[in-house]
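Take a look at these structures.
Next, two complexes with subunit A in common: one pairs it with subunit B, the other with subunit C.
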Partner chain A sequence: MDSKRRDMLKTGGGLTLLSLVAAAGWLKPGDGWAAEWNKAAFDTKSMDETLKTIGATTPAQSKDITFFSTPDIAENGAVVPIGITSAIPKTESIAILVEKNPNMLTAVFDIPPGTEPAISTRVKMGQSSNVYALVKADGKYYVASKEIKVTLGGCGG
Partner chain B sequence: MSATDVSEDVADPGRVAIARRSPRARTFDDIMNRREFLHIVAAAAAAGLPVDSRAALDLSAGASFYDGIERFGNVSLLHFTDCHAQLNPSYFREPNVNLGVAAARGQPPHLVGEALLAHFGIRPGTREAHAFTYLEFEKAARAYGQIGGFAHLATLVKKLRASRPGALLLDGGDTWQGSATALWTRGQDMVDAQKLLGVDVMTGHWDFTLGAERVREIVDRDFAGKIDFVAQNVKTADFGDPVFPPYVVRIVNGIRVAIVGQAFPYTPIANPRYFVADWTFGIQEEAMQKVVDEARSKGAQIVVLLSHNGMDVDLKLATRVTGLDAILGGHTHDGVPQGTLVGNAGGKTLITNAGSNGKFLGVLDLDVKDGKLADFRYRLVPVFGALLPADPEMAALIRRQRAPYAAKLDEVLAVTEGLLYRRGNFNGTADQLILDALMAEKNAEIAFSPGFRWGTTLLPGQGITIEHVMDQTAITYPYVTVNEFTGETIRTILEDVADNLFNPDPYYQQGGDMVRVGGLRYSIDPNGKMGGRITSMTLDGKPLAATKKYKVAGWAPVSEEARATGGEAIWDVMARYLRAQKTIKPRVLNLPKVEGMSGNPGMA
Partner chain C sequence: MADPMKIRANVVGDTTEVKVLMSHEMETGQRKDAQGKTIPAWHIQTVNATWNGKTVLSAQWGPAVAKNPFLSFKFKGGAKGDKVQITWTDTRGDTRTDEATIG
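Moving on, here comes the complex of A and B:
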């Protein structure tokens, strides 16, 4: 274990992922994804409806989108690790949607050209839910999903 | 054919040449050939003869019971798991309800009683039938005696090692928890016993409930240079660095054997997370594939997974991870007489599960030729104390460890008039006793008790000692809780646990049984969808109201807040109740109405 790495991060703490993302300008309102992601999409009741409301194309199920380091049962619903890679050529962005969260859209990652389309973050989940990885590539949308259980715990053994 | 081959052959240029014959394992002289046996049963049934397991128990072949385990091949792995700190012999009744749903229906390990005997070709009324089933448990237990115990296990291990030079002894975990002495010595009595027994490699689950610091202390100090604690799926929560070596390579008769460790993936969920706050677990399939590939690339000729996944998870994992010759499994406490062969893109993997509470020793003999597995034999051998003299050295160690606590442990609190056991998907009489005590002592209308699969069995007429109470309750978070829960919350709890047991995808299961329930009656459809399995709930004949609050007693809470709140230890509540009762009448099991399971061979 590399304890130096830990100490450095501790002293440099205070910057959350979100503030880093905001500082980089990725979440500026009216920018890129945010503009395309109209409010109507968040108000829809089902995922199918949501996905239809997003853009010009209906996302195609894709086996080229894979989850990695993502649990089947969350150890802690407050910080559920999610990792997504896309093998689709010209991947422009990767979004994470948690079906049963109050706001389904959890994160959007822009993938600049020449960047490996692999992202990982932690999301908060209040209950068991399908989690969708939505990829925009060459102007088209693709999706893959994974069920993540959030349980009360205990009673095992 | 004695192993269950669930897959078609998968063509693979690298490994297709491996001829893996099913193990002709049961060479015990009181077991006949399965086909022959089934033929006789069918003939008897056709002739109208009763096929009655209640015929006289077979007491023959005692002296020669262990003589039929001939050596085979050139690499032998001995495996026990989930002993739950049972150093001394005990009784342990296997379940009469162990349901398999979806693809698992009717498949090992989801077979009980006569269905299990028929599947594996075990003759009813024999020692083996007693070891593997609940059938006429009391009568058979009195005839064949207690089972397990490290002194008897040590004798068997020595006997097998004598005929199998270089054999490795693997411990699948749940070793440092389950008894008073393990709790009071923080696992030290078990650690010393493991070293004397000659355990080579271990992984874990309940062991982690001693806390990360204590685990580190044992692994770094006691185990150093003697026992390898391996777990590829335990990482630091911050950077994902490995906490333990993922695997170890041991050379057996010149052959490189890699043992990969898989700790229980849901330890921080099924047990309090605060014990391992800085560690993360999970199945971690991709990481496992990398570890297996690395071991192979470094010259391992045999790669075996020492797993605490539970058998259903292992069966799925083996279809997805390639390069494993065998998975020696535990956690679900399934005493499965023979292994199951599972196919995958790289070849085949043998899946076994070696029961619990020290009842069994798994013996896997491998014949490795030209750097590859050519053939194998597997059998799960019951440890009968009456047939295996106690190893004097181990017996002395156990006596020494127990001596400071002996007077306290031996105190008889009450006498049971009925059989007290725990295992079964929905309830056991020992659990019912805990529920009855909780409701009485805490004046609660409903009680919950976790669906633990450990805990020994008591026969009618036995005294219930402090030691026996601790065998059912010895955990590091024993707090009794009393809560006001709404009907809706109660439903959520039952649904949550039901999904951990009956989710059709094993990766979403946690092992363990359904939470035991006192007072409340309910019905359950195991085939239902998540959140839709509990079809009715009543209290005193009236349906539960969603918004009304009910007083619910329970124990073993996993939240950090519950630890801060504290509460009386469950064993103190039990001791008080038992002392007052003096005589424990046979328990009336509160069982749910189970829907949609008629004809399921996992229920008798």
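Moving on, here comes the complex of A and C:
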């Protein structure tokens, strides 16, 4: 894995910088994307903590990130559909963060070139909360949020 | 071994839309059983999707992804008859790969 990184360093040029930023962002350098689960990031309890763990700078609010097929009110917190699309050029990854869940970071999607920066999935929400879409594009971070009211919690026990 | 995924991949114009339904408990590690003991976390951690051997989406998931996860995404390219392959790995190290033909 290290040798790959060195190759990347050797090739030089603009692409290298981008790849390095990508490698340093969400992951430890040298790891393949899906190769290792970023435990530290998924353990974080606040937005600031999550951003620090993944090495992100303060994200800029962006109107180019939109939620689609996402309800304002979710009847069942155990299954809340979330769709996020980013119109920001060079979107590299999209993360979903639920503010009031025990651990904020819910999912991170890596968008390789050729894949549309639009994903949809379903998440659990313990209670009504803001949901953040954190987008990394061209090495910079952008965020948008949406409040979802939950009438029945999804993390009950 | 977990149940197979349901994968549907359709090509519309120059993009392929993939919809996946996985079968997984996605236990959060927050719940307690009747004896008050915490049920350990057990959830999918990584998901990887490939088309013709090229990664078209990869993801890292926490326990807050809903039970029996749903995922949909689109990528440019793909033709009828091509294969889309999805692999997930969970916290127990279990892994499952399923394949669908683009229709």
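Definition applied: the second predicted complex is superposed on the first by the 96 of 157 C-alpha atoms of A that agree within 3 Å, B and C clash if a C-alpha of one lies under 4 Å from a C-alpha of the other, contacts with A are read in each partner's own complex, and residues count from 1 in each chain.
Throughout what follows, a contact is a pair of C-beta atoms (placed from the backbone, for glycine too) under 8 Å apart; a residue touches a chain by one contact, two chains touch by 3 or more.
This structure is a prediction, so every number in the text was calculated from the model and none was measured.
Student: Should A:Phe109 be classified as contacting the first partner (subunit B), the second (subunit C), both, or neither?
Tutor: The second partner, subunit C, only.
Student: Looking at A:Pro71 after the superposition, I want to know if it touches subunit B, subunit C, both of them or none. Which is it: first, second, both, neither?
Tutor: first
Student: Of the two partner chains, subunit B (first) and subunit C (second), which one does A:Val98 touch, if any: first, second, both, or neither?
Tutor: It touches subunit C, and subunit B stays clear.
Student: In the overlay, work out which of subunit B or subunit C sits against more residues of subunit A.
Tutor: After superposing on chain A, more of subunit A is contacted by C.
Student: For A:Val123, decide between first (touching subunit B), second (touching subunit C), both and neither.
Tutor: second
Student: On subunit A, which stretch or stretches are contacted by subunit B in one complex as well as by subunit C in the other?
Tutor: Subunit A residues touching both partners: 154-157.
Student: Within the complex, which stretch of subunit A touches subunit C?
Tutor: 26, 33-35, 37-38, 42, 78-81, 98, 101-103, 105-112, 114-116, 118-125, 154-157
Student: Which residues, counting only subunit C, touch subunit A once they are in their complex?
Tutor: It is residues 15, 26, 28, 30-32, 45-48, 54-67, 69-77, 89 of subunit C that touch subunit A.
Student: With touch defined as at the start, can you tell me which subunit A residues reach subunit B in the complex?
Tutor: Going by the criterion above, the answer is residues 1-2, 5-6, 68-69, 71-76, 128, 147, 149, 151-157.
Student: Please name which positions on subunit B make contact with subunit A in the complex.
Tutor: Where subunit B meets subunit A, its residues are 205-206, 236, 238-241, 266, 268-271, 273, 280-283, 286, 450-454, 492-493, 496-497, 499-500, 503, 505, 507-508, 510-512, 515, 530, 556-559.
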